[in-house]
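Following this line, the structures themselves.
Paired with chain B in one complex and with chain C in the other, chain A is shared by the two complexes that follow.
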Partner chain A sequence: MQISHVLPLLCSIALAATTAHAKLNVVASTPDLGALASAIGSNHIELTVLAKPTEDPHFVDAKPSFKVKLMRADVLIEGGADLETGWIPPLVDDSRNNKIQSGQPGRVIAAEGISLLEIPATLDRSKGDIHAAGNPHFMSDPANGRIVAAHICEVFCKLDAGSAGFYKANLKTFTDLLDAKMKEWKATMTPLQGSSVVSYHDSWPYFAKEFGLKMDLFLEPKPGIPPTPAHLAQVIAEMKEKKIRVIIVQAYQNRKIAETVAGHTGAAALDFPLFPGYNQSYIDWIDSLVKSLSSTLNK
Partner chain B sequence: MQFRCVSCFGGAVQRRGIIQDLRIMKRFCISVILVCWTAMVVQAGDTNQNSQIEALQAQIKQMRENFEKVQNEQRQQIEALTKKLDELAKTMPSSTNAPPLVAGRTNAPVDTKKLEEELAAELGQGAGTNVSAAGTNIVAGTNAVTSAPTNAVATKSWTPTQPITLMRAGSAYMNISFDALLDAGWSTASDPSSQLELGDHDPIKRGFSMRNAEVALDGAVDPYFKGFANLVFKLDKDNETSTELEETYFQTADLPGSFQIKGGQFNANFGRINTQHPHTWAFADAPLVSTRMFGPDGLRSVGAQVSWLAPTPFFTELSLGVLDGQGETGFGFRNPGDPDALGVNRIHGRATYDRNMEGPQDLVYVPRVSSSFDITDTQTILVGTSGAFGPNETGEHSRTEIYGADFFWKWKPANASEGFPFVSWQTEAMYQRYGAAADPTMTDYGLSGLPAENLRDYGFYSQVSWGFRPRWVAGLRGEYVNGNNSEYDAYDVYRGERNRVAPMLTWYPTEFSKIRLQYNCDHGEYFSVEHSVWIQMEFLLGAHGAHKY
Partner chain C sequence: MSQAFEIMQWPLLACLLLPGLLVYLGLQIIRREIIFVDLALAQVAALGSSIGILMHFEPLSWQNYLLSLGFTLIGAAVFTFTRNENHRVPQEALIGIVYVVAAATGILVLSNNTEGNEELRRSLIGDVLLVSPRQVFCTFALYVVAAVAHYIFRKQFLALSFHPENASQISVRTWDFVFYAIFGWVVTSFVQIGGVLLVFSYLIIPAICANYLAQKLATLLLTGWIIATLASLAGLYTSYKFDLPTGAAIVCMLALFLIACMTLGVFVHKKRVD
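Right after this comes the complex of A and B.
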């Protein structure tokens, strides 16, 4: 083969290599963050979500297969605020991947930039399993979703400058749609402001604050302590007194207990997923929450 | 003359005149046009400017109107909200600081008692007197964190009476935790530690034992290393405290090529249970194979380990540890053994002598290969094989080889609540060839010395844990160990045939405490049968790093 043939071939290969770039490998700890990453990154990223939509995010097993996923990741998006403290740290420690270590640009802590609610004044486990940094379930407030989406876009643009325009365009589409839907949601929820909702565990203060709901009655007597008949009797009494009509339950919580309490009070036990389902977008998830809750409260 | 002037003039006009006339007229017209045009332009400019000014004025007027309108709207909103706040303040009960639960408690106690019983029956729970009693004590006294969000949201200005936070999880340089295990129980053997319970952290006597009070520290040293330390305190039979630097090691955070290096004092990466700390075990005592091959403390020594994560789509890890292997924690290796009645250190009956480190062959090498597969969405398996190779101190060229195979399977459904329900099954098998040198000095028990021989031991344990409801785990473990025959076996607790069956039940009030009940049925070639019942209690304070899978 003559040099005159090889050289242009090599040059074109080299050119192709420099212009073509591998997709950004993104790992998200929970499906809500995954949904945002997908909205921003779309088909320019390879996305893996570690926790299942139906899983309790505090108790995900740190399986060895996750270490392999993290070994290849360019970006790790986690909620932070100690939500994943039971399983992400040993995975990252053993991932042999510098890009996702603490402080690196590829390590995205979604809680940074969010005003957290319910930061405890003292750390005392006699009050139950409290989150020291504040309540970590902040993604249920679409205003926070907006902030996290922008944060994710910033990181993607920084690490994959070639697709920065694409990511920014997706962010704009997402934000425009979110803003439009926010008006709709506000319109739906404003007449229901001040309504009380009973929840199994205190995972919805952000949603409650955004839409003006009262969520201060829980089936758990203390965070992380399972419901006891004595406590449930009190809850039932209070629900009757205040005419609370809905109990929200997540997939991994004991529905039977919620249904029992609902039966005694004439309330409805409503499935209220903590995360978007497989292939469900962030906006569709919030939309389904607003719709299901408003239709239950309006009955 | 006059005529001439006139005619001159006239003539001039007449002849050059027409042309000149035209020129002059042309010039005149042009200038007139120019002037008119300029005037028009200026005038137009004027009117333009005027209309511009008018337009601007109209805009300003419009903006002022808009602003005033917005101001009015905001004023109205503020008034409405203030009114609403006032109304709410009026309708709030007088005891605004008490959590809603306390307010509820004052209603009809008789009805709630009946309702409690109904609920208990419906939900199939016990009356739960212990937990509800605890619940009432705590509710009455303190502001539960679950009280209305408005309490916590407002950021208060600091006052001297506020507690000072010395440390909070997620924002400390290291995790510090203290974990204590307390054992209580009974055994048909009067001294369980002499033969039955050979692990260093197992219950050692009838009644109470405390064999594992552990301070665990871990954290990021810097961007390059993570550090771990485990300091264990034990109380012996005479309630004397002994301290153990169980593990102290660093681990690299980032090396090229998927490698990781660990160095310090650590549990060798052999099998599964050798690297697990006693407070994470599913049972209250160490398996028979572990103590037989690795002695009371597990295979643990000062050394270094390099591990590599293979670029396979499934998890595959190769690791090689190089350890010092001296002392009781290098049990089958450079372990001098225990002193006999005459003060001579012996192991398996042979007198030992201190082998100096002559070369790399005197270190202990621990290779391991392990793989993990997520066979379904809800099931994971982990398989591995390990080895340990090194010298032992019964003879100048004596060597020991230990081989192990391990298997772990776990099922957990997609909607597990707090990790329950789950089923896990862990099995480990080991085989050891201990090259024991001859020792003519062993003349106890009517023996006339011991020959050079290969002491071959093998065994396994298999345990199933079933988390059948949140915070409850039931388990069953079966174990068997045996080996070839040697003359000294009857006097060696680490030889001979043994088997053990142990059912257990553990309750975890929260993830920070546990209470376990376990029954051991031990059979042994040299002690027939013994029964033991153990209760183990664990509590954890502080921030403890998450455990490996």
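Right after this comes the complex of A and C.
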């Protein structure tokens, strides 16, 4: 075969390779971030979410598939603020994938750009699982979800300029819907402003702040430390005094303890998922939180 | 297949290089009837590392390593002095007591510290999937030293494990302490990589399998090594293929090999009787 014959063939192969759109390989540490990535990237990305919706985001066990996904990832989205500090760094080190090392455009730290709550004035481990950077459970505030979605969109546009228009349009659709729903959620929650809710772990300060709830009583004596009898007695007394009617609890927490306290106080132990379920969108998740909490508080 | 290798190469190397010495030590502790001494020493080491966390050392720092090593040596001393001839108090009972008390103390020590939970969990399950090349080589170097020591002093160690009645001519206490000290060091180093479940399995299961099939030390050792290697390969492959937690997959694979050896052992035994 002569070179003049081969050349056009090679050119056409090269052309086919560039036009056949390569999807961005996106890995998200937790399902809330995954839900946002999916809203923006839709079918232009190949998405993997590492933690299960019911899993404690502080501890996730590595599986071989995690290694495969991270080796090939173009983008890694993590919450940051020390949430995944126990398991993401060893996985990233292990992957030896330059695109997702810290400082690279492919490493998205969602907490950047969020004003975090509960930043400790002094770092003292005796206060329990205090995160130096502030409370990392910021995604339960839709206003923060809005910021993170824009952040993710910006990164996708940079790394996959060919689909930038698509990503931007998706962001607009998402943001418009979120803004409309936000009005609904506010309308539902406004009458309940000032209500007290007990939580197992200090995971909901952002949700509480956005919707005007009081969540300053926890079943854990200090964040991350299992409930002790003396502390629970104190919580029960305080709940009775303030007539608090709801305890929210997550799947990976000890529901029995929440139910025992609820039994002593006549309150309801309400399942309050920290993350969207499989195939649940971010907006549907917030929607379900607002609905279940408001209906329990209205009882 | 090349991808499987790429993903699993360091766990594979760890599971091929490191169990060799564990199987050998396993044969000895089975003969000494102190099966749970490894769990107890691992728990004592974990207690040392818990106390390190309380003193604000990072979990993988050298200070913490020294603390857990120090606790292991204390444990070794305790077991040296509790090996006695009082048959009304079996040593296994004391080993069990050390295990639960060390575990309970660890829970108390860490009850006011949040990193504790993570640490206790990690010491149980380990993270063999994410083992780093450095960890593999450092631990292997340590194992080579331990194996050389065991080879040079094989007369003393084997006499203590296999023929304690003839061991009167050597200083029993001294050599027992050396045995436990080396053993504790070997075990706690592997706990850092594979967790308590995996280290127990590598120590005991291949050695038990071998005891079903063979009698002489050389054949026991060879059988144990073959079983540990095959079960490691099969366990790692299963973990990769079905995306399962790696350490637990190897433990269950070792159990399958045990069932196979028990079955095979029935026939071997029958043949010998005939």
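Details
Definition applied: the second predicted complex is superposed on the first by the 284 of 299 C-alpha atoms of A that agree within 3 Å, B and C clash if a C-alpha of one lies under 4 Å from a C-alpha of the other, contacts with A are read in each partner's own complex, and residues count from 1 in each chain.
The rule we apply is simple: a contact is a pair of C-beta atoms (placed from the backbone, for glycine too) under 8 Å apart; a residue touches a chain by one contact, two chains touch by 3 or more.
Here the structure is a predicted model, which is why all the values come from computation and not from measurement.
With chain A as the common reference for superposition, the partners chain B and chain C occupy clashing space.
In the superposition on chain A, contact of A:222 is made with both chain B and chain C. Applying the stated contact rule after C-alpha superposition, one finds that A:68 touches each of chain B and chain C. In the overlay built on the shared chain, the residue A:141 is in contact with neither chain B nor chain C. In the superposed three-chain model, the partner touching more residues of chain A is B, compared with the other of chain B and chain C.
Looking at the shared chain after the overlay, A:210 reaches neither chain B nor chain C.
In the superposition on chain A, A:78 makes contact with neither chain B nor chain C.
Look at A:94: by the touch rule set out above, it reaches both chain B and chain C. Steric collision with chain C, judged by C-alpha atoms after aligning on chain A, is confined to one stretch of chain B among 203-211, 221-229, 239-247 or 437-445, namely 203-211. Note: residues 58-59, 61-65, 67-68, 71, 86, 90, 93-94, 125-126, 128-129, 222-226, 228 of chain A belong to the chain B contact set and to the chain C contact set alike, using the contact criterion stated above. Those residues of chain C that touch chain A in the complex are listed here as 3, 6-8, 56, 111-115, 117-118, 121, 125, 127, 129-130, 132, 239-240, 243-246.
On chain B, the positions that touch chain A within their shared complex are 100-101, 103-105, 107-108, 111-113, 115-117, 119-120, 122-123, 125, 127-128, 131-132, 135-136, 138-139, 142, 144-149, 152-153, 162-163, 165, 167-171, 220, 223, 226, 251, 253-255, 258-260, 309, 312-315, 317, 370, 372-374, 377, 380, 382, 410, 412, 414-419, 470-471, 510-512, 545-549. Listed in rising order, the residues of chain A touching chain C in the complex are 58-59, 61-65, 67-68, 71, 86, 90-91, 93-94, 125-126, 128-129, 222-226, 228.
Residues 52, 54-56, 58-59, 61-65, 67-68, 71, 80-82, 85-90, 93-94, 96-98, 101-103, 117-123, 125-130, 132-133, 202, 205, 208-209, 214-218, 220-226, 228-238, 241, 251-254, 256-257, 260, 264 of chain A are the ones that touch chain B when the two sit in their complex.
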